[in-house]
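Handing you this structure, nothing more for now.
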């Protein structure tokens, strides 16, 4: 594995140093992967949670708040993942994603619309040439309990239907029983059938439980070719938390410094308010910094968050709190 | 001609680092019984003897503190066994030193030996009585452990030749300290005898060091010695202010006589015990 | 095994960047200052003696300034020896006539009241503390004030349970306690002193530090609101001469002091010729030991908390970093990056991490010792943060390549300056950590429990933090060994200092 030589010069001491020449190490055996994961530092849960909690007390006001709200809007993967989803529902979501506030052209569009594979084609059609991406969950989302063959077919169909981004789930059962080679192989296999589509790897951190597991799973995903690592499906009892996001951000930072490859982070599940979103942006800002403060490398998987961001944005402009009915309920 | 046998007398020496040297100065002083009879030429310890004793005590402290509390208790109990087997000799010298009756001396010795046993039983209770866990408001396991102060200088009671010695010396020692003891100036011999017994009681060398000599000469050296952590002034009530002042130079813990009986008291035990509190995170 | 061959799309993005370096702080936070007007301070304060404030005009006055901008915050009274004597007399009278006859259960209720009143006025106290001391509002709001309230709440519960505290069946109070506190945690140190003393049944004369008297005077108002009987607590402001008068006053039964080892030593000497009881909480040069299996991200935060919390004005600061040689470069690299991120500036800004140095004198000392560090040959890294023009400021600084013999490895700097040393084995780490006359606090970082406990057992320190640093709690005894002082504050152990046992 390439390491970065130590040099301490004032300017380059700041921020995350991403070498241009380094490469992602090739994983050739499960033993090698195991050794690599074993070399990762552990996470002390108390310290990680204290750090996240302290950053959550940052007070973001005025122009910073407005900038953060705009940034957050542009990072939203507007999501609907219900059994009751219909083409109509997806259509209105796509419309919302393209123009979150139809009266104000300065409001950025959302990053993507996130749907089940069978609705990808419909979303693609509605979004047409819009810069809003179509993201699709796949690989037997959310449990991932299907054969690799079925999972790959799921991905292949979504890509064929026009998905720009695939949100796959890892096999938590395999991970928790120590079959990390299988977890890795699945990610690599999905990566291959994704083709040009970006791959987001959902760790389902609520089922991995420990931060050490989150860090190791993050590395497996990154080594396997993930463009993003994503906290949760939104379907488990515990979804994204500040401290989990912190540990994943530390993982992408370390990975970028060691390999030169920048992997994004997507937090999903339970993120409903502007306050929540800004807390995540502060975490990004103070853990990994400017490169990641972009929809290319940070996303929110959410549905109701967008309206709260729009309300808070309008409040910043108007100086008074606004009604929820100012915005469409999509 | 009588066939009465001439007895073999003992030279009363210092106890430093498990050995029994004469004073490096070569000096000695006459010790008499309470009734004025010559008892012997006892080593007159010097500043350098004090220095050597502190070095020995410091070197021994890590090992003594590192021994298990169970082991320290056994060593102390062994001292009681040794004392019991030589109780008549101790009693004889208590009588000589203090001028009490033979019967009273037996009582003094019995009490002293029983007190040694009492301290032997304390070694593995101190942590439970004085330590514990603290319910801090956060995800931490937090516990306080009593820890020996280190090297304690003890100026023992000038009058109580045996009982005073046992309490003042064994309280810090059972808590894991090592000691440099200034024996009673006029009545040192029972202490010297007890010192000899420590040498056959599995005490590691240097745990108990005993200096005989002039309190007025040696106490200030101990009080000012910066590698001494604690000072028991029981045997120097009149010089207590002056010695406490010297002790302040290195922020020593000082136990001062205040008229209350300290023997077999928790206060005496606590005097040379520190509390070390450890926090450890609790998390998955 | 399959292999992932990275596509080049991401790399292409990166090569477009001239600087392949992700700057932290893209989101520059707008100022988020707490309002100074919340403090509601009076322009002048008298002394708090026998339940009332004396007329400020009847004393010589001195000013307490805001170290962040050198503006006057308020004017306070300089207590003379006579003033101190009046305070001690009031405390004695209150002890004899009222407090020693007040049951533990009643004393407890007063302390509970005080705890609640501190909570009610928490925001005001936090602002006052930050104005007077220069510490970040985040710390006064989240640490100092809540812990002060918690301390009263904890000791309140002891007042009627002293016989269960392990000091015998009927432990008695000492009488009048003279308490001298430092400027680094003004309100919290007042709480650490007053709460156990009052719970144990003593009356008090408290002398706040010269540069930070104000929160104690707000506390005096709180004591009035709590209707604490007059004279039970008296607060005399002033400089060192006021403290001396308190120490020498024959009516005082006990002296409790928190401050420098130098002053503590002289206090012990002065008290040596009296029967006064004494407890001392003095300086330190805490070692923060990092093993190569430690959780690295939390280690970095712990080191930062250990030395830059409260501008390093912490007696238990982890001012000596002992890091295992195998990871020394990596730790230093991450540390330097992290130091660059610290937000230094307006203490009232809720996003400030490091505030102002408390006084010009302290700043001079920090500068002097840092200069010595450079001259001794240590490698200096100082944050490039911009410092305000007015006020007393010192940028967070790390010295690498420090040797045991350097002064910056031995002297307490009491500022935001970290000395980094290395070790090879656990034994060497312990030996280096203990190679000091101090013995207050240490940190140990490792994921290996057995080694952590092995090290903890051997460290000569009153407080040992494992995988954390600078944590405080009213239930947890705090205090030093050797020249860091004697006596404990906090927990059951903290009662001993105020009981005749």
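For reference, chains read A, B and C in written order, and residue numbers begin at 1 within each chain.
Following the convention adopted for this analysis, a residue touches a chain if its C-beta (ideal position, glycine included) is under 8 Å from a C-beta of that chain, and two chains touch if they have at least 3 such contacts.
For clarity, every value in this text was computed on a predicted model and none was experimentally measured.
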{"item": "Category of the chain touch graph - line, ring, star, complete, other", "value": "complete"}
{"item": "Nearest-to-centre chain - CA centroid comparison", "value": "C"}
{"item": "Chain-chain pair with the highest tally of contacting C-beta pairs", "value": "A-C"}
{"item": "Subunit A and subunit C, separation of their C-alpha mean positions in angstrom", "value": "41"}
{"item": "Approximate Å spacing (C-alpha centroids) for the pair subunit B, subunit C", "value": "38"}
{"item": "Inter-centroid spacing, subunit B versus subunit A (mean Cα positions, whole Å)", "value": "68"}
{"item": "Where subunit B touches two or more other chains, by residue", "value": "138, 140, 281"}
{"item": "Two or more partner chains touched - positions in subunit A", "value": "44, 46-47"}
{"item": "Per-residue multi-chain contacts in subunit C, two or more chains", "value": "467-468"}
{"item": "Complex interface listing, subunit C residues touching subunit B", "value": "150, 166-168, 261, 264-265, 268-269, 271-273, 275, 280, 282, 437, 452, 456, 459-468, 471, 473, 475-479, 481-486, 488, 491-493, 496, 501"}
{"item": "Subunit C-facing residues of subunit A, complex", "value": "6, 8, 10-20, 23-24, 26-30, 41-44, 46-48, 50-51, 57-65, 67-68, 181, 184-185, 187-189, 191-192, 223-225, 227, 247, 250, 256, 260-263, 281-282, 285-286, 288-293, 296"}
{"item": "Residue numbers on subunit B that touch subunit C, as the complex places them", "value": "129-130, 132, 134-138, 140, 142, 144, 147, 149-150, 229, 241, 244-245, 247-251, 253-254, 258, 266-267, 270, 274-281"}
{"item": "Residues of subunit A defined as touching subunit B within the complex", "value": "44-47, 49, 209-211"}
{"item": "Contact set on subunit C toward subunit A in their complex", "value": "1-4, 6-7, 10-11, 13-15, 20-32, 138, 142, 293-298, 301-302, 329-330, 332-333, 336-337, 340-341, 350-351, 381, 384, 447, 467-468"}
